[in-house]
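Next up, some structures in structure tokens.
In what comes next, subunit A is part of two complexes: it sits with subunit B in the first one and with subunit C in the second one.
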Partner chain A sequence: MSIEVQKSGSVGLVTPQRAVFDEPLPLDSGRVLPSYELVFETYGTLNATASNAVLICHALSGDHHAAGFHQETDRKPGWWDSAIGPGKPIDTERFFVVCLNNLGGCKGSTGPLSVDPVSGQPYGPDFPIVTVRDWVISQHRLMQRLHIARWAAVIGGSLGGMQVLQWSISYPEAIAHAVVVAAAPKLSAENIAFNEVARQAIVTDPEFHGGRYAAHGTLPRRGLMLARMLGHITYLSDDAMRAKFGRELRAGKIQYSFDVEFQVESYLRYQGTSFVDRFDANTYLLMTKALDYFDPARETGDDLSQALAQANAKFLVISFTSDWRFAPDRSREIVQALLAAGKSVSYAEVDSNHGHDAFLMNIPYYHQLLAGYLRRVADEGGAA
Partner chain B sequence: MSIEVQKSGSVGLVTPQRAVFDEPLPLDSGRVLPSYELVFETYGTLNATASNAVLICHALSGDHHAAGFHQETDRKPGWWDSAIGPGKPIDTERFFVVCLNNLGGCKGSTGPLSVDPVSGQPYGPDFPIVTVRDWVISQHRLMQRLHIARWAAVIGGSLGGMQVLQWSISYPEAIAHAVVVAAAPKLSAENIAFNEVARQAIVTDPEFHGGRYAAHGTLPRRGLMLARMLGHITYLSDDAMRAKFGRELRAGKIQYSFDVEFQVESYLRYQGTSFVDRFDANTYLLMTKALDYFDPARETGDDLSQALAQANAKFLVISFTSDWRFAPDRSREIVQALLAAGKSVSYAEVDSNHGHDAFLMNIPYYHQLLAGYLRRVADEGGAA
Partner chain C sequence: MNRPDWHIVEQWIAPGSRVLDLGCGDGALLAHLVERRRVTAVGLELLDAQVAACVARGVSVIQADLDQGVSEWFAPQSFDFVIVSQTIQAMRNPEILLAQMLHIAREGIVTFPNMGYWRNRWQLGMRGHMPMNKALPNPWYNTPNIHLCTLSDFEALCAELGVEILDRAVVDQDRRSSFWLRRWPNWFGEHAIYRLKKRG
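Showing the complex of A and B:
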């Protein structure tokens, strides 16, 4: 019995692919990546006119493994398996779906764990700071490599949604539809503040060694754990935490000790410690900086509608009521700027008490919305 | 020229006092403090009938120094000088104001920095976990020592407001008015989660040494700094941060580095590092645990109105619109429970964009409200 049969709606077993780019990539920071590799996955089949391709952009701790399984024994599928697969909102029976690990990542694309061709040593903390615009340029090169001239849609949540916005600005002719989920046009001071505490947790960890922990045979486990614990608080809502944990005591009664007392503490410690085994601290730092710097209206005098004036895509913007990391107000800023620029935009505020994390969940109204929109995209674009 | 003349409305120079208690104090945890000292300050004059005494309860990082100056050269007055002094809302021309450092504190009352009379060594991490109820019992003993039978009012913000609630329950005859500012009847799971990240930052700092950092000649500076940075985010509002910092760049333009880039980062790092020099990590841990454990309705089947049924005080409850640490909803829970229990309660929601920190600020409507209420308290209580 194959995994496809066992797991209905799954893309089944997938194998990551690699693309090597020898052309140097000039970055926003002024530095240049002499060459780089991108690891990516695809689901579904590219049609003859290459008109059914969809790009998925990942968020802070995401990667190229968005759907399906790498091995039959995998406990969990890719990070957005709830939305990607045959018959799912991002329907792999109609679309050719591409998802890559961004530059600076730690899951196979060139990043701090890769060897710097110039020095022959791992980049580590010397990997250049990359921006959302840098990512989009690198993604565009992958697009050309795959012989895709225009994405039927570029789709992303959170930091992924920022990449979608940047695509619509950087390559207006290369993107038919932009689906921006649980995003913001730029971080608020509070968002930056949370990122800064996470970064300080990592860089002040004595085992960080200025980012050269690998050379020292250490890992900044404590710092990365704290960063992830803090992140998790901002991904959930107050309501979601209340519903999930309330003030439930782990041992049934109060212990009056500094051990785990409440269930929510146990959950956070688990989230923090398990993250350390699957993520790189230097990458975490880079991802938070990409978030901080994203601000497409910086070059247009804080006028987002002017920044989006050149976009040709049609937009779907989705927010979630209990998301306080990127609240609905932030999505409405995007919508208003698009409307002011005369763009085609649909907007939906999805009722959910799951906080920012909602964008990864199978919330019926949200998935119906996404499915309905993408069905029209497929119909108009000549998808399979 | 004396400091009283220079600084209008100030209580001027004040000298902390000490009270030693040799009677053992049994604690909620089951442990017993064999003896203890409390350091406190008083402002104003106790009248002949001792009917004009007001107790101020401090919040997480507060202490006994609520108003005035210790030396003429002090740069800053006590932490609530905006509200306490001649002609101020807590008017020292009418009230005799008492403020003490709570047990477990690090500013002079018995706490982790004190010597354990049994072992002859500093308590450090062996200082027992103390609860809000333990504090109120210790404060009641100080009250008796000062020959005060009944407080005209007990007043506190945040964790201080929780002590006020506990006073109304533990000693209903000893408190005429309860002023509960920016508080909550108990922490939410999200509140506990933030405390837990702060605690983990401290206890995982390699220089924490299980709390015995003094014996090791170290200080968990990084952990305490992170805890304070995180705390500061929750004390401010998103709006307050936007108004205060926006996305202002420290160097005027983007540096593409991990140094401070945005003003908000600079502010947080300063708040974090300066806190380390004035606060003890073991005390910080104790204070957050007192917050986590406070839940007067635990013993009445989660029925707060039943927990408050025995209260005899009249209540003034104040919240601030942009406070998301203890949002107005949490104050309304207190108000509803008091109303359900048939108590006298006034409630005001003060419009402010300063977040939780608003309770320490001179916001005109807030101070007028407090002044008006306390004027009536003074008139009815026969204050000077």
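Showing the complex of A and C:
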């Protein structure tokens, strides 16, 4: 298959860009980032009035590479290539799509792997804890840098959906439409518990060295691998696992050993070990903390509807039936708060057995909803 | 306009009001009311294809099962009008929905096919078959319409629930109104359209 055919419907080859910000960024934690860099990608063309810009917010282990390929030899496209591209629901023939790597990340934006200008050493565990609100402020600065006054839409799934909610609250005039997929208004105790086990797996790894593993020339491989394995269990569903692996044995018969025997074990180990090669443990800790702390209703006496009262955006909220990490009930909380606040909102519950991971998949009804909604957004914004 | 009850519903909706359509289908009625009456509209619908149609035409829609109740979604008196158009006969508990809808909105508008329509009576009473026609197009074994009623039945339920009938209109399939229809609505009305509010 030629590269042209293979990549039709794709944005093709993309090159990440970089923006440097010298203005200090005060953080929720009380600490200040003196300067920082954000790495981002764009797809499509910004129109003359900058009315067709869409921001994509990434989830826990995502990054700025949402669509297309960096090199012709890339085995896999960006993480949301199923939805972003020419003719796809987030149509790059109509929209100018922006996706960035969040602060604290490990894919190019300033994070634990970057050099702390004060010490001259990599931040490592000293990188300040960043919140969803901090991210949104940094994203807003990037928006100004790109000369965009208002996003036609801000779109995100999971932790990305939380950033969308925060956008609608922090910058009500700068976002016309909010698309919140497989998200929650805040984490439940159970969600936090899973995150804590993941963090403990990392920090108790003997190779963690209080987060200064780089200085010791090592990596907390086992800890990060366990954290990812645990995460993957929460991204799937019982049905999805049964369909994908059942009780199939790798060797065809029971070995009576503690080696990998069931296919599901093999899958989780593969996901865990491959993650270690592409992700930083300190970043993983930071991202889980951003999740734990997210709670926009904390400042309004746990009244989410009051927290969302200032929003001006129109909302599309989508959940997936088998998602137990952020179950439909959590999306309903968001929708009910929006309705109580008198906001314009549509809510759809997509039947799927893929668990939380469904938000990244090409499920016909899901993509039909996204495409139908965004077509109107594009028409409204005068996109091409 | 493609349903016989719409033009009556439209007349009863005050311009600029807040309207909720329970069982809004593809959102056509709400889109019509937005265009004609400049209302703020929200629909509630269960079926994927219908929800997608609402979203595509820009009608706000909540995907939910009416049989699970609607109180959790909407605050008391948060709408001026709540419409239940050709839906109540398909509900598991029509009486609960009726009470809930008048809790959410100032006024309710309910439309349903009249089982007392003479053709239905003829089909059942004379020919001995469950009615099947334009208003009731499904065979008995595969129909969403599990709680069919007549005008008299519906009005008795309203009395029982303390629901006041503000207006009643009956039409036939072609939206004609005639002497017969006005004189004997439970015989000649194919579709019933009621405007309701909670008594007291």
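As a working rule, the second predicted complex is superposed on the first by the 378 of 384 C-alpha atoms of A that agree within 3 Å, B and C clash if a C-alpha of one lies under 4 Å from a C-alpha of the other, contacts with A are read in each partner's own complex, and residues count from 1 in each chain.
Note that a residue touches a chain if its C-beta (ideal position, glycine included) is under 8 Å from a C-beta of that chain, and two chains touch if they have at least 3 such contacts.
It should be emphasised that the depicted structure is a prediction, and the values quoted were computed from it without experimental measurement.
> Could you figure out whether subunit B or subunit C reaches more residues of subunit A?
B
> Counting only touches as set out at the top, which of subunit B and subunit C does A:Q200 meet: first, second, both, neither?
first
> Which of the two partners, first being subunit B and second being subunit C, lies in contact with A:E190: first, second, both, or neither?
In the superposition, A:E190 contacts subunit B only.
> Given the touch rule stated above, what does A:V335 touch, subunit B (first), subunit C (second), both, or neither?
second
> Between subunit B (first) and subunit C (second), which does A:L230 come into contact with in this model arrangement: first, second, both, or neither?
first
> For A:S346, select first, second, both or neither according to whether it touches subunit B, subunit C, the two together, or no partner.
Only subunit C; A:S346 stays clear of subunit B.
> Please name which positions on subunit A make contact with subunit C in the complex.
Residues of subunit A touching subunit C: 316, 332, 335-336, 339-340, 344-351, 365, 368-369, 372-373, 375-376.
> Hey, which residues of subunit C end up touching subunit A in the complex?
Going by the criterion above, the answer is residues 42, 48, 51-52, 54-56, 58, 60-64, 72-75, 78.
> Tell me, which parts of subunit B touch subunit A in their complex?
Going by the criterion above, the answer is residues 28-30, 128-129, 186-190, 192-194, 196-197, 199-201, 203-206, 222, 225-226, 229-230, 232-233, 236, 238, 241-242, 244-247, 254, 256-258, 261-262, 264-265, 268-269, 272, 285, 289, 292-293, 295, 324.
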